[in-house]
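I've put the structures underneath this note.
Both complexes below contain chain A, partnered by chain B and then by chain C.
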Partner chain A sequence: MLKWIIAHIPSWYLFLQAAAVGLVPYGVSRIGAKLNAMAMFSQPNGKPRPPEEEAGDPLTGNFDDDLAVFEQWIENYADVGIRNFELGVDSGIKAAVIYAEGLSDRTVIDRQVLQALMNADFEASPDVPLAERVLRRLPVLKTMECGNVRQAMGQVLIGWAALIVDGVQGAFMLGVFKGVPRQMDEPESEGLIRGARVGFNENLHDNTAILRRFGENQSLFILKMKVGRRAKRNVAIAYIEDVADPAIVEEVKKRLSRIDLDSVPESGYIEQMIEDSSLSPFPQIQSTERPDRVFGALMEGRVAVLLAGTPFALIVPATLSMFLQSPEDYFERWLPGTMFRLLRFFALMVSLLAPSLYISFISFHPGLIPTKLTMSIIGSRVNVPFTALVEALILEVSIELLREAGLRLPKPIGPAMGIVGGLVIGEAAVQAGIVSPILVIVIAVTAISSFAIPHYNIGLSFRMLRFVSMFCAGVFGLFGVIMFFLALCIHLVNLRSFGVPYAGPLVSYQFEDWKDFLVRAPLAAMKRRPQMLKPKQPIRKG
Partner chain B sequence: MNTGSNNQISTQQAIVILINYILAAGILTLPRTSAEQVGTPDVWLAVLIGGGIAIAAGSVMARLSARYPGQTFFQYSSVIAGRWIGGIVSLAMIVYFISISAFEVRTMAEVTCFFLLEGTPNWAIVIAFMWVGIYLVSGGIDPIARLFEIILPITIIIFAIVTLLSMRIFDFERLRPVLGLGFSPVLKGVKTTTLAFLGPEIMLIITAFMKRPPAAIKVVVGGVSIAAAFYLATVILVIGGLSLDGARASTWPTIDLIRSFELKGLLLERFDSLLLTIWIMQIFSTFTITLYAAAKGASDLFKREFKPFAYCFLPIIFLCAMLPKNINETFQLGDTIGDIALYLFGVVPLLFLVLSLLRRRKKG
Partner chain C sequence: MNLWRRVASLVLGLTAGLMLAGCWSSKEIDQLSVLIGVALDRNESKNAASEGRLEVTIQTLTTGASSLNSQGQGQTTSKPYINMIATGNSVYEAIREMSLRTDKPPIGHHLKAIVVSADLAKHNSLENLLDFFMRDNDIRPGSLVFVSSGQANRVFELKRSEEIPSFHMAGITENRYRTSKILPPTTLGKIKGEIKGGSSMLLPNIIVRDGKLKLSGAGVIRGKTKKLVGLLSEEEVLGVVWATGSGKGGVMSAVDPATKRPLVYEVNSMHSTIRSFVSGDRVSFNVSIRSIGRMMENWSKPEESSNQQFLDDQTKLFERKILDLVEQTIEKVQRQYKTDVLGFGDRLRIEHPRAWERLKANWDERFAEADIRTDVKIRIEDYGLVVE
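The block that comes next holds the complex of A and B.
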């Protein structure tokens, strides 16, 4: 017995390894937690941002004083102008319009403000207060009143016009914005064969209007908030009130209100500030330029966030399967819709795993693929001096370079670059014996597959992960690929987007949701909204 | 907002966990171990009986756990049998979970080393495997259940493909005669086959997380039956394909069965890689759930946090896994664990259940 025990005492390096087994993951988890805490300063534990003080010189009602204050303010705003005039024909009441060049619409100020006020008769009904009389004679849709100069200037600088009148306290703010019209063209990055040829543009009101045009619906709620501390911008939250889970809506509001940034130039900023995990390689919020996509998501019980000044709307909560769907799946009949959806899942797996499977089969398990194929691959690799991993990395990195360079190139040169890069270099690399022709095929198929993924940003995730999987395959072969796949799945099942499991219907077996997952069931069969979103009304009406 | 991570699992998820736990090393070795014991082609009968026994034992454990909703065995054992006896039994179970975890890891390393990664040292394989495992376990029961739900369909699909392909060399004659030597050889194999169904003991823990604890018995019946279908298919196909003597002669008969035929004209010529893929995933699930069970047990027993125990058990499992000097010692370790398990999970829960019922009587 004692002998047996002595014979089985492990050597010292085994203890070292054992220590590593325990300590490394512990250390990694600690570092991960720290990083997460750092990246999440705006998130659950973050404090709501403090309210801003709104002080400023009050508008007294004494015209000359007020005008002086305004003039003092606009010394530094070369694009703000003041126009003095008198109300009525010759009532002698002094007034002035303060407006921003380019932001306010000149013709509207000319016709609806100046013309209307100058021609109006202010002598009639003198018992009505002057402010009331001015308002009655202003044919402007949007008006509000403002008590201090600071606030008024803030509004002027986003396109309102301020009207001050002698003897009236405060200023009238007139909504005379000039739109910068852009056609609502179909977005280039998300083109469809069949579907509405319309996309969001940079105007928030245009964007909310498209959503309204999908049909009369009193329960489509659109709420407004402001984000950014120095450059404030409007952001709209859209959801269907009697469908969306109120918990999700509240969470969106809460997270938006915590955003504490100087400025928010694009909805990508919002996306990064309100996502659940900053360390995850996956996008946890869907961004899209297509109104039909947004509207479809709203109808499922999701919430959309639209930011002024960008055509990219955000959809939360996002699930992985969403990124592999295209509105066309629903517009075409269900059989082709299902087929192409399955094809996309296949493309996803290919773009993630093809190079790593090549590496593991060539370097570790040549016996597992057909003998003839092995022979031809080995034959073609005779002159290649590198291991399969290095070989694949060379080609994969050059493909990524090509893609990145192709984005920057002027349009006429793009295709030429493709030909030079893809065809000439690929052919020459094979002939020079740097890579094997089979690998060129594998990498090309991988690249094509990654273009079949309908969303650019999920494609990016899988492009990054492909390199990780290649390294795993280079070290552990097929075993490494399996471990990589398991680790990826573990990450996916741990990930949540606004409380909804990111892996979506794949896990927790909500069979009802599977009708709209790998397959796209006939429309008549999809009677329920996705259960994972916990919609208020699970049954689709009608 | 953490609306979803309530750490509760549905009945389906519990079934999936149970199946994934049961299916492990047995898929590759059961045809040999049972054929050795039985000695006639009636092995499949022994598998059926083994499954039946597992259901019976599992039902006892499920019944016991369902009586204490929201509590794991490690919490209510002291209520039933007092602090000392309850504590000792709990400790024994924790040791059991650690050792079965180590056994699975080692088997995985042996097979991977032999079939997939010749020349790669065992410890490297084991370390990579355990690191991925702890990533899952540190998340608690919720991610475990959801990952298993991804693994199970993959297992079923690939297993179906591989077994259907092996029908090419299946010969029904090799399964006959049925009961040629009577029933006694079958009984000899029952212990071996029962041990292949080790797994229902997890009900002592996961019942506490189930949304509907009374469904625990359903979980046992469903889970063990589906696992039994896997084992039955394996045993029948291996013996029908390799014959009884073939199954007895090979260390990993199921892999040898898959290796013994080649299909021309397909992307893959041999399918053992596919079988090994799902098998590694199954071992992974068994490893993670046992590690979870051990750490959860320790944390409940000592009323401390869960994660430190999970990290602490990793090196222990690693050392235990590296202890056996060769594959035969590994199998011996497996047999020893199995013998202990028979008492620990066959007899003890029954006693506890009786005790618990008696206590209820007394109070009532």
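The block that comes next holds the complex of A and C.
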């Protein structure tokens, strides 16, 4: 019996293999966790930034002193001006307006400030304090009072005008900003056939206003915060109060308050500072220029973050399937909506896997190609000196170059460049025997598929991953592609965006949510909001 | 940073390891030759250079096969395939022998046809001849197996050079809905089962006539010896197809005894049920054949095409014709070849398992003595478009 057992004990290398099978993934996951911890230095573990102490020269109320302080301050601000005048007609009360050229609206200062104050009668009710009298005579909507020069100058430099009056402590800050109006054109990167021709612009108030215009709704809350240490900017958090999960709203506030950057030039900075995993190749926050997309997301119970100075709004939490949806899916009837949505999922797979499948079929698994196709592939590859991987890399890299170059080119040259690059070089490369015509077809189909993905940044992720999968295919063939795909799936199901699984309703398996996942169910059937977002108010309709 | 350095060196090591390993089993498709057909013959040449009992002919696609060459011009080479012959005592040995002559190793994934010459199959067990093809994991179980009554590698040379014989052979077997003289496809996978199970079978016989391929009859393989015992003619294959009801279409013609002119019946469906009966050691079978079809040609009495009486008479005529055909065929395999290729044994095994256990040891002899009755019923449900 013992002999029989001993005879069946496998040899030592089998044990070694078994150990490797266990230890390698463990090691890889440990390394991943460490790298992640390093990349996330400022994030979840970071402490909220302490409030900055606002110290500075207090405004005393003595006009000459205060003016001197201001003059000293503006020595280094060539774009700030001071206008001295007297209140009323011959009242002898000295005053001055400090304003920034270009940021403050000159006509407003002329008419609503200078003209109003110069023509007003300040003798009328002497028992009312002067500050009160000045305010009463100022036909300006936004006013505020400010006690020290440092703070006042900060406001002046973003477009407020400061008014100092002899004998009044502090300064009046007047909201006389000059807007830089831009048309709210339809965004170029997210065009639709059917849908409102409106996009966000660079003005935060315009952007929040568009959201308001979607309909009267008292529960659309818009909160304001400031981000940036040296260059502060307004950021707005928008959500529907009785729909959005309060935990998500709190999380957004918390993460925004932790941002500790010098400046925030674009919402991409915010995106990168508040996302869950910096190492993931996938965008975990959706950015969009389309108000209808933002409003749709709000209605599902998501939260939007809008930054002043950029037309790109952020939507959290994001799921992978969101990036493959287009507002048109809902605007058109449900059958075409469903069809095109399925088509996009297909396009995603093609853009990720087509070149790597080509490589693995050509260099590892000739048996998987239909016999007739084998004949033509062999015929077309006779003169190609490279292996399939090198061949595919040559063409794929040149396509990516073309795309990148096309972005930089002035608009009139763009199409010409496409023709020269795509047609001429492609044709010539085939003629010269550098690549095979079949590969040209594969790469072209890949490129077209990646254009079918409605979101630019998810397209970028898959363009990157395509190269990884091509290398896997070049080294291990189909086995490598499958391993790559499995690794990708493992990563995807592991990823979360603000507490919501990134792989959408697929992985936490809320079958209820599938009606708006691969297919787009008729509107009549979509009675509930997505359950994965844990909305406060799950019923949408009926 | 210490941790950074450690992690970096680990990642570097892993990637270097991957890169060093390279592309293990990578072999570009244009560096391979695609094997599409194999013919097995007896080696009859007496010179010393070609030793061995077998003469193996392999057919591979040539690289110039496609009109889609890199120049984009449609210059087609004269032949899209090449045949190579090697000899050896075993199939694999002979195929590996080819490596001395070509820079591109053949791959078996696309093998379409295996042709065994009747001469070879008479003296060698199919189990041995096809062993390599059944074991090799590249070769698909969908490859078709044929016998050839002539020399097997002659079917790989056709008059029209742009036609690829192996594809052609595979294509002919797909015409079963046009004629009933074709047996159900004998794929490697199916044959494997029959060989291992020891049952007899029929393999289609492919020959060359006037430089063209023709599927003509079938070879009878006895299950016990796995050797060829003889050939069936085209008419007899037709009988087999009717007896087993395995046809998908085809025609049956008969001559009207009154006018001595032909009539043609087109098969829409055919069906056959074999029942077995056992009494002691005597076994008997009942074959009942049912078919529905239409009258497609009437040379005899065109004016009566839609006359029910006439059609009923013709039905009898066709039934008689089919009955004769089937009985002749059964007679031949029973008396001459003593080989059960029609699946009677299978029915017995299913219906009378105990009797089968008793009889299976020398089933071929029992089968030869079995009493087989046949009845045929057809229905002409349609006579096409006729003008009265």
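Side notes on the structure shown:
Convention: the second predicted complex is superposed on the first by the 508 of 542 C-alpha atoms of A that agree within 3 Å, B and C clash if a C-alpha of one lies under 4 Å from a C-alpha of the other, contacts with A are read in each partner's own complex, and residues count from 1 in each chain.
In the analysis below, a contact is a pair of C-beta atoms (placed from the backbone, for glycine too) under 8 Å apart; a residue touches a chain by one contact, two chains touch by 3 or more.
It should be emphasised that the depicted structure is a prediction, and the values quoted were computed from it without experimental measurement.
In the superposition on chain A, A:T371 contacts both chain B and chain C. Once the two complexes are laid over each other on the shared chain, residue contacts for A:V507 go to chain B alone; chain C is not touched. In the superposition on chain A, A:A388 makes contact with chain C only, while chain B stays out of contact range. When both complexes are overlaid on chain A, the residue A:G477 reaches chain B and chain C alike. In the superposed model, B is the one of chain B and chain C that contacts more residues of chain A.
In the superposed pair of complexes, A:S436 makes contact with chain C only, with no contact to chain B. Of the two partner chains placed by superposition, only chain C is touched by A:S380; chain B is not. Applying the stated contact rule after C-alpha superposition, one finds that A:L35 touches chain C and leaves chain B untouched.
Shared interface residues of chain A, touching chain B in one complex and chain C in the other, are 364, 367-369, 371, 476-477. Residues 31, 34-35, 38, 361-364, 366-369, 371, 374-384, 387-389, 430-431, 433, 436-437, 474-477 of chain A are the ones touching chain C in the complex.
Considering their complex, residues 3-4, 7, 10-11, 18, 21-30, 32, 34, 36, 61, 63-72, 80, 107, 109-110, 112, 138, 140, 167 of chain C touch chain A.
Note for the complex: chain A touches chain B at residues 7-8, 10, 14-15, 17-22, 24-26, 29, 44, 247-248, 251, 364-365, 367-371, 476-480, 482-483, 486-487, 489-491, 493-494, 496, 498-501, 503, 506-509, 534. Those residues of chain B that touch chain A in the complex are listed here as 1-5, 10, 12-13, 16, 112, 116-117, 120, 123-132, 134-136, 138-139, 143, 145-147, 149-151, 264, 266-270, 272-273, 276-277, 280-281, 284, 307, 311-312, 314-316, 318-319, 322-323, 325.
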